[in-house]
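Have a look at this one.
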């Protein structure tokens, strides 16, 4: 279902749906763009290309408690998650959440992710690509499903895709703001918009044939050259919408048998990640870790699911201080040369 | 009731000791020794960029970390001709108020009070003075919070930098501080009342000099560009060397200072003696009520001075936070030259702290740091010696002498990483 | 045929796959100087019934306040009730496990992993090659095939240890030698006791004593230290056992056991759900492992 | 469970770590309840030396007298834990470790005057002299990291400290990267545990937790050089806190292929 909404009505709409839960959206403070809890549309920056951390932080916080325990056993800590409406997420991030859903909601469903996912409504928003966006190369620049509502900004008005029954419920909270009256001009407008968006990309990204190119170039020294530059800082994994690795530790309370089992974001770029007891490390060399990361994103996942585990959001491009990212790695492998 | 938090605060000491050498009834020597290992920080920062120096020098002392940071910033900003924005200045003032309350509350209530009340430690006071111990902890916790909000963390915060702050406290944080500061004023006043109610023994009384930084605009404050010497006399902070001729003594890794061959005192006492009349509000009234000529001779009054000062600091906070909140967050000011020299003088809780720098082509060539405890050491020895002599003449025994001397040493609030309270008597 | 395989529906019984259930340690005693035998019984009977597993599967074991780690089940599902493990003391969690007394509890969840493909192995000859701690999962397989003796062809069990003192389940295996429906060959690298009744030498030397095997009809299961794999694989390939009938278990760091934490991933395979049992053919495709001992020589 | 006997000792440093222990207002009661604090001279005067289960040692070692004391503590303690970056790595006073020049610097401060208290030498971390079971770094230590480790010890469990760099925590806090702006940040070289306080205040990490397990000092060096920093300045910035640990690492910095080319 696609509806139409006047742009000036958005604020009122968000004000209404806030009744259902906390409103979250992209905010800017200097260089920092982040999804934060807001009170009104005016606090959001809908023009920003991307937040530093993707919306995964709301579904899967950097560190949280899984269980409380005492000497009787473990009791899961769930149930304290508020309802949230996440406004302003872009198609790439919704694709990212879909990949996370596959990870966490299918076989062995993760109750922590599931709870937050269940309580978070996704209200997408169209975006203006910048020079780092490469969703055109991963086929994630548009989105057809996975959201509750999706707002496409066509300058004069919004086209609003209703993607779920819960999205529809939101519409029903303020039906007078929406119309079904879509005419020929609107369709033309939308076609123009798609063309315009497609013409905006400038990143030099091309992932075609990646699985084979990876296979062929796996042992090439090009990857060693890149790895020599890698700081092992792990920023790339923290900002990637499809990175889901975690570590688990137990904490105990001082002088007591009680404690918590906590879980926090880990990174395959860290040495400890593949370290096993006795000191053996399956990926002691930085290049082995780099290979794991990039085979996972650009090869293995394609082999398994037919699409890369990269949604083209450009975060690794915007984050890695030494320019190691899906684009530079793919190009280096293809051209057998580390680009400038 | 279970309020055991005070236990560890019973005694704070550093690595060192006081040695009193007696020969019959005569005092041969009183020395305050510092065994704390040497760190040579001034030498280490040579060749460093100023921005790196301000990370390193606060590590001289965990209790006065912000004073070191501020003194270094002042010295280096002068050297590099940086004029920090007003909001930065105000926020620095606030952070200094925080450090002042933290240190003064700890020292008055938890370290000195047991001495005056005749308890071995603050924990021992719990039964009879439990409320006071709780007051102390309240004040200290709040002051730590002020330091954390302004400087980034409780100890060695890196938020204050050259030309300004990395991040300014939020309006919400500021208004919370204002509110809490108002609530806590009575706790500070109570300390004043307690210390004003004691009899101060005459044994340690000796005339001495007092030095303190002269706060600008005829106000009471904790930083400035000139130094006041025993009221009246004023010297530019850049001439700090004339005020504090430093020397090394064989029994200590801490250097000593004197002024014109005579000892002098710095600290709350000195600040109030030199500038106390400028204080307004409740603290001003308290000062007028309790100040007397005996303050000029007897270091034990330092505790009373600290309590009054703590009241002042709390009273300042609401206005300080309002001013900060009213301003937009400015960018940090950049250096306008890369060669120059400057001396930063601030009032650390225990007295004047100097950081002098000479910078050449963007690198530090000379760093000279003079800590308040170093300046006080001679004065501590002078007063202890006088006290010991008089008490011995009066036929007092070692068991009375020892605590009396400890009490004097502690009254100066010697910084824990440079000096201590432990007294040993050595009979020849 | 009895269905032992843990299927999806069973898994969903556990609504929080990370949640350990409490089990009581009923016995714990040393097998060697750094390996202990643990026997555990579920505190909750239903839980014990749910714990139907395959040889080669593992559980995640928790000690309160210390953490969690994967351990192969050493007992056989053909003797239900108690779970058995043999655990080597190598790090933090294992050290704390060794400090637990009988009757104290541990948290267990599982079983996880694919286990050995029992269905496919039925009717075939079975060749088991164990080295060191590799005997932990292989004991489960061995006991299972022996308990279901009529459903398998010839069975050979080859086991190497460094010294007699370091051989896990030494007495148990020596006793198995008595059986004439099993070719049980035991060897030690070095006999430091002078009392060792069996062979001295490498596991690979035992292959000489196997006699002729019907390679195409044989499933080989191998588990042991990395160096052993290298040589044993060469032998097995030389014997002409098809590479997809050579089974090996891989070990990786694990934090969840259910394919979420990422640590055990090798390319797109997760050791915890796609493994830990892999065929040699699978492993030959793992680029990460090529050139790292396991498979290099065979490719060359 | 009998409560472990604990001692807390301070050597050359700022006493900040002991102060942080005292600043754990809310947990102090528990700490004193769950353990038997035999010696903690900064906190109390009735100190009993003797056998210890755990000795916490703050500060670097820089005089003969301290060294004797340290060895004595080691002898009495089942477990010795270095707390704070000075004890773990040497701290700021060890930043010139392995560069020589101690005598000169000593004279620069004390001139030729004789100090009889004890003989001084260049400050070094505790593990340069005795075995250390665990390092809890930080300048000063972080309350929760410290208490987390102590709670585990009291419960007879193994403490777990983050082994990855500050950058991880920095990203958890969603800060823009300072290196990206072309400015120095020691985050990638520094062990996490502080919560990335400095980058969260828009200030670069100065490295006060000391080096982390896994870092690429060469890569950071090259990156900063590309951004216009001079070689000496980079090394100096890296060495501010990490003392012995970083001194070893900077030796590994090798010229890049490009530099080698240029030098030819």
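Structure notes:
Order of writing sets the labels: A, B, C and D. Residues in every chain begin at 1.
Quick note on the criterion: a residue touches a chain if its C-beta (ideal position, glycine included) is under 8 Å from a C-beta of that chain, and two chains touch if they have at least 3 such contacts.
Since the structure is predicted, the reported quantities are computational estimates derived from the model, not experimental observations.
Of all the chains shown, the one with its CA centroid nearest the global CA centroid is D.
Highest inter-chain contact count (C-beta pairs) belongs to B-D.
For chain B, the chain with the farthest CA centroid is C. Chain A and chain C have centres, each the mean of its CA atoms, that are 39 Å apart. Per-chain CA centroids place chain C at a distance of 43 Å from chain D.
One finds 67 Å separating the Cα centroids of chain B and chain C. With centres set at the average Cα position, the gap from chain A to chain D is 36 Å.
Contact of a single residue of chain C with at least two other chains is seen at positions 65-67. Among the residues of chain A, those in touch with two or more other chains are 249-252, 257, 259, 266.
Multi-chain contact residues of chain B (touching two or more other chains): none found.
Chain pairs that touch one another: A-C, A-D, B-D, C-D.
The touching residues of chain D, counted against chain C in their complex, run 152, 155-158, 160.
Residues 10-16, 19-23, 25, 28-29, 32, 40-45, 59-63, 65-66, 91-93, 95-96, 102, 104-106, 108-111, 113-118, 120, 123, 139-140, 197-198, 200-203, 206, 208, 233, 236-237, 240 of chain D are the ones that touch chain B when the two sit in their complex. Residue ranges of chain D in contact with chain A, taken from their complex: 3, 27, 30-31, 33-35, 147-148, 150-152, 154-155, 157, 160, 163-165, 167-168, 170-172, 174-177, 179-181, 187-188, 213-216, 218-220, 222-223.
Those residues of chain A that touch chain C in the complex are listed here as 66-67, 69-74, 76, 103-104, 107-111, 215, 218-219, 244-252, 257, 259, 266, 268, 273-278, 282-283, 288, 291-292, 295-296, 299-301, 303-304.
Residues 65-67, 92, 95-96, 99 of chain C are the ones that touch chain D when the two sit in their complex.
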